[in-house]
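Labels for the chains are A, B, C and D, by order of writing; each one numbers its residues from 1.
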Amino acid sequence: MSLLRVTDMTHFFGGLRAVYRYNLTLAPGEIRGLIGPNGAGKTTIFNLITGIHTPSRGTVALEGRNIVGLRPHEIATRGLGRTFQNMLLWRHMTVLEHVRMAHYAQLQYGLFGAFFGSPRRYAEEERVEANSLRLLRIFDVERYARQIVTSLPYGAQRRVEMARAMATRPKVLFLDEPTAGMTPEELTQMIGIIRKIHQEFQVAILLIEHRLKFVMELCQRIQTLVFGEVIAEGTPEEIKNNPEVIEAYLGKEEVA
Amino acid sequence: MSLEFLLQNVINALQWGSFYALIALGYSMVYSILMLFNFTHGDIFMTGTYIGLGVATGLLALSGAMGIVLPGWLLLAMTIVIAMFLTSFVGVAVERVGYRPLRDAPRASAAITGLMIGIMLEYGNLAILGTQRLLFPPIIETVTYNIFGVFVTNKKIVIVAVALSLMLALHLFIQKTRWGMAMRAMSFDFQVVPLMGVSINLIAPMTFAIGSALAAAGGILYALAYPVLDPFMGILLGWKSFVAAILGGRGSILGAALAGFLLGFIEVFVPIVFPSTFRDLIAYSIILLILTFRPYGFFGQAHSTQLRL
Amino acid sequence: MRLAALWGWVWRSAAAVPPLGWLIGAFCAAVLELLIGYELAIMLYLPKVPPLFGATLLFQNPLLFPATLLFDLLVYILPVCAVAFGTQRLTDRAAAFLEHRPTWLAALMHLVLMYAILHVWTEASAYRLQVSKLVMIAVMLTLSLNVINGYMGEFSCSHPGFMALGAYAASVFTLVLFTQDRLFGPALLPAALGPFCYPLALFIGGMTAALGALVVAIPSFRTRGDYLAIISLAFMFIVKSAIENIEPVGGPRGMGGQPNWSTLPVVFTAMALCIWIINNFVRSTLGKALNAVRDNETAADAMTINTRRTKMVAFMFGAFWAGVAGGLYAHEVRHVTPGGFGIQMLAEQLAMVYFGGLNSVVGSVVGAVSISMVSEVLKPLGLYKWLVIPLILILVMIFRPTGLIAFRDFDIKRILAPRKAALKRRE
Amino acid sequence: MQLMVENLHVAYDRIRALHGVTFGIAEGEIVCIIGANGAGKSTTLRAISRMVPALPGSRMDFEGRNLLDYPPEKVVSQLGVSHVPEGRRLFGNLTVMENLKLATFARKDRPAIKRDLDLVFSIFPRLAERESQPAGTLSGGEQQMVAVGRAYMTGRRMMLLDEPSMGLAPLMMLSMFEALKEINQAGTTILLVEQNARLALKFARRGYVIENGRIVIEGDSGALLNDPGVKKAYLGG
């Protein structure tokens, strides 16, 4: 059974067609890539699926249940975790607080516990902290745990954001350009980290990427998006040799 | 309710609307340029009125000393122009001292400085002029016309006419001049404006200056109708106009003017139906409802409502 | 250079004494003042015991200032330091002992001691007592406003409105039930029961304010920032003019004759509860969700945070404490008018929050205490006071735009920890 | 060299974006900077036009004058360095003509303004047709024309272009680059930053490859096109 199924998703911003008849079937544990030039609508697709915008047409089903129209936090609670292209971190919070915060939906102690500091609260918070530290260790940012997130190096911030997304216990993880602005070493490291979380958490991953090499190495299947439409879909090999993709993505051969 | 009664109140509403609209324009302009509210504006209105008082008294004394009897309308025109000119410097000073150092700070902090400068203006006025209330000199004599049973004073006509023509002038300035063009551009995207070779430090003070000048004009018109001045007069009118500016949609000049008049109408017509003590209650309730269901006012755009912190 | 070294030495030795030591020192000073304060004042040619450390005399009668300084030195500074440093070893051991007991025990001990100090100190004059109570109420207001404006980052202007709701609801409750009143007729219950039901009255005041906060909280789902600021401002004006139009509660003339139940222990307990609960809340993950919503709502949503619930909780929670503070205030000044809950009060509260520091419990306490104090000190200046306070605030905003002590967690455990260990840890 | 950038360091919010970028452009040249997303391309341009502050130790000279002495609006109006920002950033509420006129706000030379306007309209005849239309209602390609035209009107010594091909259809891209060539021939030095590396290198004479805030490769376009390092920087190796 497919974990996430998007059918005929279409969206307009004003009169502008941002996404047109987008389809996606994601099996559990799959890593799928979404590539395309800037402004092709990749991030919009993420925003539509995760509920930031509601698609004009089409359906999105997670484990067979429709999630269109749910509020973003409800969708996230059901198992869609994500990172953002420009890293939406909370600028006054520490790294540890970021990851703890993402456990929000898993907390049971309620307002009463928060106000009066019930023993249950401390028990739960302790568990959350332990889990957060574990995640930070996996993403190799444990040493920054008590620092304010804006004081971290760029690559570390990216990893904090991923750790934060993993703390929501996603079934599908959406990564929006996880390697933007990274050095080659960090890039290699990131490939390792993504592989690791893929194995450790058994999570399906949909990732938007710019660097073809990165996508080719990680993904089993790749979709290419141009002007809101999928123009090609297939294995990395197929995509690499698809003339339309080459034209859209690298610039026309005659031009070059 | 007779037609005459209705018309009578329409004129009153227009008069009040003129005050609100003139002040609201200042809030709205500064907002559209700098994305922050000039909370000092109500007190700049007050300061402008007092400056107007000074100018009018000075002019009267001067013409008296020189033995010339100036016609009332000329005196009024001169008072308005000179007071507008002088008050614009107050606006520029407020921008320089209170807002420019805080341009990159959280906007709430700028709001606080604005409020504080306002308090300083109020109490500064008290400290300088003392606690007795001053009377605005009667520059023009009241003449009442009876037009088909509707009583209209010449003052009301002057107030509405001057307000409307100032608004028209502002509109022309913003639409036709290159300064106005720069202001419109800045309201759309102020970060790119320097790339056009236009300095933000030029446009921002100018906006404050224009807003303050309009507030001064509003103040003198207000004093014409209600000549007893009070250092705290800016609070009530200022906050209401501020609300009108929001209601119009922030940064929208047309919206601010319309909302100002709307507020005038609400305030004049509510006491006809309800007890007059309900005036504020109903006015603010209407505003709250409008903003709850139309969160961006009449003409506002839904961009960047986040507070920077 | 030498001055810096001296300062460092003072700082280091002060840091070596745990809070317990300072509190005991302060208690001794307060007792000392009660015993010999008057005689000492006479000896120093002071007309009476300086009510607020002589600060109020600063502008009233500057010539007396040296004498008051001497008074402060003899009665406060020297005894406090002597006791604090003298008992250092003892108190540090006590702190170490308490460290391994439940935190509430240690906190309670310190609170009791603090109350004792206040109790003794406010014996001296009714003025001191009233100022202390009003400052504590201001602390509650500032802290609860900080929840909305600092922790959640909305510019809410409705706090005087919430406070008015609380003040009126609590007053109506006590006036109807326990007093023979001009507006509500004879008491329904014996007055002796009153003080016991007073917490209930305050709770009702708080809940009324919290319900009122829904009017602001619900629009906050759709709009933020400036528009919400205006909605909250409109709410404040609506509350004010609505009360003005309700004749049964006195209309614009206001309501008076509340029983004087806002005694020092009541106000102190309310403030301690307020600080404790708010601090508990903002340090929990549920409370930090406020910060997440403030710093980036989209990210908060994507991280499973129910942003609507969070906003609603912040507004209602903040309003609740404003309501409680309003109830206390009404029973302290014993006459409230709707006009009192207006722009002026709003400006004062905002000043306290932004002066003290956003997103910080300590900042709120510092802001409320210092602005209240400055305001008392400058009272003799008359209206010039309103030129000085704004100027101070403008300078603070320019040089520290988020306030003096902003974005700081208040960790009772760490503060009460024994010093020896703490110092060692720092090295 | 018309523009000399030496050891340029920039940080946003304490995070370093550029670590000592050094390069130079001679008058009349077309030079491109290519690199991956987030490598620091836009930041370099923004530092030159003084939109972001450079850290101490950085040096930037334009025609013998120290760029660091100039605020952003004076870089434009006094030095004649214009900047087409990423995403075009037109004033959507102003008409096309107003957008172009605003760009001459600080200029006093009326005849020259007229001449420049004519040139813009001759390069982009479409704009003349849309003169009184609000810029926000134009198509992506037309908006890019306004952005370039507007930049040309502000200062003609040098033009900094941030991703001029972004979001354009292939045919539109080509004609945009043709137009840029014309502008270059009219005497404006061009420094552009591009994600479409082949197109950029074809168009420019020389190129720099930026990676993690440092220039890692530089050379003639022809050489760069065949350089394995370029493929690595651009395609992620």
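The rule we apply is simple: contacts are C-beta pairs under 8 Å (C-beta built on N, C-alpha and C of every residue); 3 or more make two chains touch, one makes a residue touch a chain.
Note that this is a predicted model, so its numbers are computed, not measured.
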{"item": "Selected interface, A-D versus B-C, where C-beta contact pairs are more numerous", "value": "B-C"}
{"item": "Identity of the chain that, by mean CA position, is farthest from chain C", "value": "D"}
{"item": "Between chain B and chain C, centroid-to-centroid distance (C-alpha), Å", "value": "37"}
{"item": "Rounded Å distance, chain A centre to chain D centre (Cα mean)", "value": "32"}
{"item": "Rounded Å distance, chain C centre to chain D centre (Cα mean)", "value": "55"}
{"item": "Whole-Å gap between the CA centroids of chain A and chain B", "value": "50"}
{"item": "Chain A, residues touching no fewer than two other chains", "value": "91-92"}
{"item": "Shared-contact residues (touching 2 or more other chains) in chain B", "value": "309"}
{"item": "Residue numbers of chain D (touch at least two other chains)", "value": "none"}
{"item": "Arrangement of touching chains [line / ring / star / complete / other]", "value": "ring"}
{"item": "Pairs of chains satisfying the touch condition", "value": "A-C, A-D, B-C, B-D"}
{"item": "In the complex, chain D residues that touch chain B", "value": "49, 51, 71-74, 76-77, 82-83, 85, 89, 91-94, 98-99, 101-103, 105-107, 150-151, 154-155"}
{"item": "Sites on chain C touched by chain A in the complex", "value": "277, 280-281, 284-289, 291-292, 294-296, 298-308, 313, 359, 407"}
{"item": "Sites on chain B touched by chain D in the complex", "value": "178, 181-182, 184-185, 187-189, 191-200"}
{"item": "Touching residues (chain side chain C, partner chain B) in the complex", "value": "149, 153-155, 215, 218-219, 222-227, 230-231, 233-235, 237-238, 240-242, 244-245, 251-252, 294-295, 297, 343, 347, 350-351, 354, 358, 383-384, 386-387, 389-391, 393-394, 397-398, 401-402"}
{"item": "Parts of chain D lying in touch with chain A, wherever the complex brings them together", "value": "13-15, 36-39, 163, 166-167, 170, 173-174, 195-199, 201-202, 211-212, 225, 232, 235-237"}
